[in-house]
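Quick one: the structure is below, questions incoming.
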Amino acid sequence: DLSIMYRSQFASLIEPGIEAYEAATGEAVERIPLPNEGYDNRIALDVASGTAPDVLHIDTGMVQRLSANGDLLPLNGMAETWDQWQFYPQRTLDATSLDGKVYALLTDTDARMLWYSVKAFEAAGIETPWKPQTWDELLDTARKVKEATGTENALVVPAGTKNEEATTMQGFYMVLLGADTPEGDRNRLRNRDTGQWIGKSPALRRTFEFYETIYTTDALAEPGDQYSSDVGAIMRPGLISGEVGIWASGSWENNCIWDCGGTDIPPQAERDKAVYWAPFPGSGVAGAPAYSNISAGWTVGVSAATDQPEEAKALVAKIFDRETFEPWVIENGRMAVRTDIAETPAYQSDKFFSDVTPLNDQTTKRDAVPGYYFVSALVQQSTADILDGISVDEVMETYHETLIDEFGEDQVMVIED
Amino acid sequence: MTDTRKSPTLALALALVALFWISPLSWVAFNAVDPLADGTLRWPQAFGLANFSKAVAGESGRQFLNSVYVALLTSTLTTVFAGLAAYPLSRVRIPGRNAILWALVLLRMLPATGIIVPIFFMAQSTGLLSLTGVALAITMINLPFTLLLLKNFFDTVPLELEEAAYSEGASLFRILWNVVLPMSRAGLSVVWFFSFINAWNEFLLPLIFVRKTADFPMSVGLFNSFGEHSSVDYGFLAAYSLVYALPAVAVYFLLRRNLSTGFAGVGVKG
Amino acid sequence: MTGVVLNDVRKSYGDLQVIHGIDLSIDPGDFIVFVGPSGCGKSTLLRMIAGLERISDGTVSISGRVVNDVPAPDRGISMVFQSYALYPHMTVGDNMAFGLRIRRTPAERIRETVGQAAEALQLGQYIDRLPKALSGGQRQRVAIGRAIVREPEVFLFDEPLSNLDAALRNQTRMEIARLHREIGATMIYVTHDQIEALTLATKIAVLKDGELQQFDTPDRVYNQPANTFVAGFMGAPPMNLVAAEIIAGDGGAAVAVLERAGQPPVHVGLPASRKRLVGRRVVFGLRPEAICSGPVGSRPDHAEIDVDIDYVEVTGADRIAVTNFTSGPFYARLPADADVHEGRRARLNFDRDKINVFDADTGARIAEETP
Amino acid sequence: MTGVVLNDVRKSYGDLQVIHGIDLSIDPGDFIVFVGPSGCGKSTLLRMIAGLERISDGTVSISGRVVNDVPAPDRGISMVFQSYALYPHMTVGDNMAFGLRIRRTPAERIRETVGQAAEALQLGQYIDRLPKALSGGQRQRVAIGRAIVREPEVFLFDEPLSNLDAALRNQTRMEIARLHREIGATMIYVTHDQIEALTLATKIAVLKDGELQQFDTPDRVYNQPANTFVAGFMGAPPMNLVAAEIIAGDGGAAVAVLERAGQPPVHVGLPASRKRLVGRRVVFGLRPEAICSGPVGSRPDHAEIDVDIDYVEVTGADRIAVTNFTSGPFYARLPADADVHEGRRARLNFDRDKINVFDADTGARIAEETP
Amino acid sequence: MFDDAKPWIQRDWKLVAAMLIPAIAVIALLLYMAGWILVMSFTDLALFGRKATEWSFVGFDNYERLFKRRGFLNSLWVTTVFTVFSAIIGQNILGFAMAAALRNTGRFTKSFVEGAVILGWILPDVVAAYVWSATFTENGLVDLAILQPFGIETRNFINDHPLFVVIVANVWKGAAWSYILYSAALDTVPSEVVEAARVDGATPLQRAWHITLPILRPHIATNCLFITISSFVYFPLIYALTGGGPGRKTQVLSIFVYQESFAVGKLGYGSAISVAMVLIVAFLSIFYVRLLKDPR
């Protein structure tokens, strides 16, 4: 029998697909819905011990970890048997591919940007819609907001260890990507050509300095709040009420700011009046991109250990069957990954989707290689050190040394100014 | 009788202690009865039992039974294993027995995250990826400590009582059953309750061991309040945690009378 | 019926030897009482016989079989612990019934036996109480009850009546005596109560510092103590011991010279059976009750002494006069109406035949010569 | 010096009342002995005075101050527990020194005091032992030592000598008496040993079932017991109690008719002071030691009775004859050389003036008339 | 070994030995796993990726890293402070004091305090974290109930005194255990012995210090060991409450391990940290072992 493991929050996506599959084949599918907490741990052990279910609901980061180990089944073959495969653009498939093989299908994607409080901006006399072009502009705005409203959190870019991946994805990497020219991966953590991690670079320095400005020099954000038991519970209501000026987060906030569960959300127009977003600007140095973006998302894949690969793929196909998939995307306010859904009138007519989709024309992915999570944790810790008041020089030195210690001298490069 | 009976300082101190423990719980109370709870500490915006009905709906009945199963099995296994071994350790002079026990207790430090990999593979190879396996795993982790704990309690049973039973013809088993165990009721209860709560609260092991959704205990169900993007259903969380914790508190109150038997030093002069 | 034989039994706790080689042969059905100063090893000996304490050296035999390695339950004994050792979590009834339950005695029979014992010990109304709600004496009676319901072949009692009042002690003593008669068990009994020892025992074993001093009938232990220790130990007040030198008097008869502190020595002529003592230094032993008061010369056969009365203790039936006859206290037990008073001088007399004589150096008794 | 007054003190455990309203006034420096059957409430009373047991009703005052709500440590008492209650984790020395240390007595002084007490109790060599390595009597002595080193104003002793041998008991008793004399503390002492009670007490309180029976000097308690209970309780063997009807004899003198089981009644003429008894049913009380043996008519002033000797108990100094004079045992305490033998008939006599008379219904003593 | 044992044990020594079997078996398993962890600590084994299968021995590298990497020593210090104040001082002493105080109090008071204390213990860690966050955050319970009424400026304690907050939270969360254990342990102290001390004039504190505590010494030592261990590895509450921050102010060793091994999936390094922690606590607990030993 087929079995499938998924996060229980995604039941509304997965379960209609399972039911459709059961109805079609007459076979029962064993469902294992799990909470978020400990999910990665369970998958890792299940996969390692060969007790994994046939179909797995995993996030993109996990796809990278598992596919590198050969724990996932390549899905390329589905192109022939499933007519909806064609709607996945190559760019989307790349997000879950390694060496040209597709290991999972995205359920949705996301974008990252700056959310700002219209109320706070009005108080500071800043015109909206607002679209900063450089970091200086961004910081200036924040200073004004701080001055006008006295908020502790005029500009919040996720930092520290408590936020885990959010620090890296919504925060550090977004800053880094705009800190320097993309040429030679000068604005990334890793040089994708040589496969070396970047131990020192102007971009890294500028990024740390940016954090330093926000958290210590100009005190535009309260470091302690980055460790609170529920950061979102401070930021989200804060944006609405004007207690928070700008917050770097993702496209899901369009719903989450109001109600992540999705039941109590005001109409889009009303939302836009209170909170709106702008792309994260580049630093403004020569060659730096105008704005930065990085995407991730959830996926569904098939365990390499399955003894029913074809059935498993069929189940995946049922889950992503447009009939059940499309309503889920629209209702949950997800950014569509498929062209057919992105082109439906319902999706097209949604103001938020049409505003945000262009961001992904220029999106990036995290570094899908072993070692990424080590570097990510290191990044989180380094921002924590900045929050702690440690100098940029010292933090960079430690960062560099730790990379060498972990990967060896030859796996770490230095980009001079 | 005590001379503290009417001491106002003591009463005041106890009141402060009670306040210290109770007042933070207001968060739980307010959020649980507030269908509009948002996790902040505020007077409920509305009163209602919606959170509670959510908390006891769906799987939670079965999860409750599963929790009871793991907790009872764990506590019973732990108490029996520890009780059996603690007696010889208490009565037979094994050189360095304390040091050995202490060294073993230190193993409890090995963090779950570290120990979970070997435990998982062991459970898998013995077909124990189940709630029973969870109970065994917790038993294993707790055994050295509970053993040491029980040994301390057995040490306080006067040897003369055992001598009396022995000379009356009691076998070792009867000495244990009729003298040592009843006399150590307090210690046994503590060990039992300790393992019970440990199992009741264990989250990671069942999450990883249990193969069938229907087998999850309540500790796993709790995390259903956590959604994507660190969103939390606070009303549900608060209500569920009460529904979750109160049975265990009730177990304590059932057990409590064993904690003060007043047997100590009664049967023997000296 | 079952006899108990101790053969050079020794006991050490670590380096400390507390029992120094005791030989004792107890006949079946005997009622043996162990007496001796506190800490002399009575309980230890009992516990070794019971099989609760390892025997460091020597052998204990019960019914002719060496039981050093026989477990206690197989020795057919039951024991009253000095410290009671009641099961605090069991009611009085359960405490008493425990041994019977162990042996799968029928419930009906248990109820009966326990009920009888409880009645005999006046515990009837406490049968459902826990030990913690009992008085000291009631606890002690439960301990006795627990031992007697089992009807074993050997009873070991370790000061079983110490916390009972006189009347109850009397009754319980009789109950024990009845038990001894009826089931004919061998009894070994530790007590500090001399009346108990003297009235119950068929033989008394006097111990001191882990060594046996005398093992004999009550009468002989009392009247012919084996040495000065036994003499001084038995009896309350104890036997008076007076150092004496024996010289030859008129016609070769022995005359004792009793030295007195700060006063001229007293000369006491001795009976003919004491002739051989002449020239030796001895210790005289004289029971307080062998001393009488009376007008001068009222008892011509008695030796007379003049003493100052230091102190008179009235014990209801008697007057115990403490005199300055020797340097230590010298007791005389006189009738309650005797004419002795504190601070006065009195003339006392005693029967020369009742003098016990001990060697001054070894303390051992010197028997009278049979003519 | 400190007096202790109990005022209608009651104690209940749940529904069970064990002390039924006791009034007792103890003068400073008194030495009070509590006696009574096992379970009558002596320890409970002591524990209430010590502040260890809640007083259900009534008041306890020490030094004129009601102490019902004064915690034990502030009452200035020290106590020997019936069950010793030694600190198991402290050596003998530390056990004794604890109370002194608490009061910050200088170390030098503690060492001295404890050393002295240990010597007096013959515990010198055990000073560094833990209680578990002591014999029962040694433990009891530690408990005594712990109480006496503190020199408080009120001492409470709960059967402190029950596990000691006669010699040691004697010595310790004297030590306690010395302490009483020297520091003049008030002492309340529970014992089952009548000798102890009679010799130590300035006053004896006799309890029964939680009620006070008599509170008086030892002499009066022994010789003029307040009721038949006290009469039967004090003395070993106890006072003989015989039912009698008083009729008028020659010249209006009172004559007692003693009924005897299966034999014709005995007529005993009574002294003049008993005239008023005529016509009443009473109980005669006669101490065993008031009974003498002797040739017929040897004591013309005495009443004579003929009895069959059931049983003779030899207690060393005495012969206790148990006779069939009444339906219960009727004791006579005779000298060791008295000519009485088991199974024989004997003629005994007693002094009419030594008869105690009690009311047959209430049991209360009827005093002699003073002419 | 059985030679000087009590006779009923000697008689049934086979049964006695058999009684040890389940425990020995279970402990053997535990040791086996501890051995596994020890071995892992010398490898570069990872939970994910290539190193999950192609691991190799790296000698003492992991241990060296421990001291080279920034954070370990800091975490050790934070953990020690946390343990001493929240466990040894807070839970231990408070638990004992409550057990002693509630032993003779009325039913109602006792049940009330007990109920609250135990509820705190059983409440899931994440919930406890929210509870304490709500208590100490800006405009939280302390601000509303204590500071504002007295006109004191409100503040966010979690940001300003994070270590203090986690210590308080951990006392609140964990004192129940010490309370329960000590309640049971106090039951083994003969009441007459305590009464004797009262008669000897000892105040409640003196009785506790000179009588109760020495008699309970083995229990206290065991409990200290246990709560030290628990605090050293305690993770969920602190993590949920402060995530180890701000900065590294509350980064106890368990969070350090979590971040170094779990989040990062480096089992080898994580094991080395665990082993090091065991050694550290073993060292610290030498003190307790002395407590456990009979002084005579």
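Per-chain residue numbering starts at 1, and chain names A, B, C, D and E are given in the order in which the chains are listed.
Assume a residue touches a chain if its C-beta (ideal position, glycine included) is under 8 Å from a C-beta of that chain, and two chains touch if they have at least 3 such contacts.
In this text the structure is predicted, and so the values were computed from the model without any measurement.
Looking at contact counts per chain pair, the maximum sits at B-E. Computed centre separation for the pair subunit C/subunit E is 59 angstrom, with centres defined by C-alpha atoms. In this assembly, the C-alpha centroid of subunit B lies 55 Å from the C-alpha centroid of subunit D.
We define each chain's centre as the mean of its Cα atoms; on that basis subunit A and subunit E are separated by 37 Å. Spacing of subunit C relative to subunit D, judged by their CA centroids, is 22 angstrom. In subunit A, the residues that reach two or more other chains under the touch definition are 41, 230. Within subunit E, contacts with two or more other chains are made by residues 4, 7-8, 11, 47, 130, 190, 192-193, 198, 262. Each of the following residues of subunit B touches two or more other chains: 1, 3, 39-40, 113, 117, 163, 166, 170-171, 203, 261-263, 265-266, 269-270. Every pair of chains meeting the touch criterion is listed here: A-B, A-E, B-C, B-D, B-E, C-D, C-E, D-E.
Those residues of subunit B whose C-beta lies close enough to touch subunit E in the complex are 1-5, 10, 13-14, 17-18, 20-28, 39-41, 80-82, 84-85, 87-89, 91-94, 98-99, 102-111, 113-115, 117-119, 122, 139-141, 143-145, 147-149, 152-153, 155-156, 159, 162-163, 166, 170-173, 175, 186-187, 189-190, 193-194, 197, 200-201, 203, 219, 222, 234, 237-238, 241, 244-246, 248-249, 252-253, 256, 259-266.
Residues 13, 35-39, 42-44, 82-83, 133-138, 140-141, 158-159, 162-170, 192, 194-195, 198-199, 218-219, 222-223, 232-238, 287-289, 313-318, 333, 335-336 of subunit C are the ones touching subunit D in the complex.
Residues 46-53, 65, 68-71, 129-130, 133, 137, 156, 158-160, 162, 239-249, 251, 255, 259-260, 262-266 of subunit E touch subunit A in their complex.
Taken in their complex, subunit B has these residues touching subunit C: 158, 160-161, 163-171, 174, 178-179, 182-183, 185, 261-263, 266-270.
Listed in rising order, the residues of subunit E touching subunit B in the complex are 1-2, 4-9, 11-12, 15-17, 19-20, 22-24, 26-27, 29-34, 36-37, 40, 47, 94, 98, 101-105, 109, 111-124, 126-127, 130-132, 134-135, 140-141, 144-145, 172, 177, 180-181, 183-193, 198, 204, 218-219, 222, 225-226, 229, 232-233, 235, 254, 257-258, 261-262, 267, 270-271, 274, 277-278, 281-282, 285, 288-289, 292-293.
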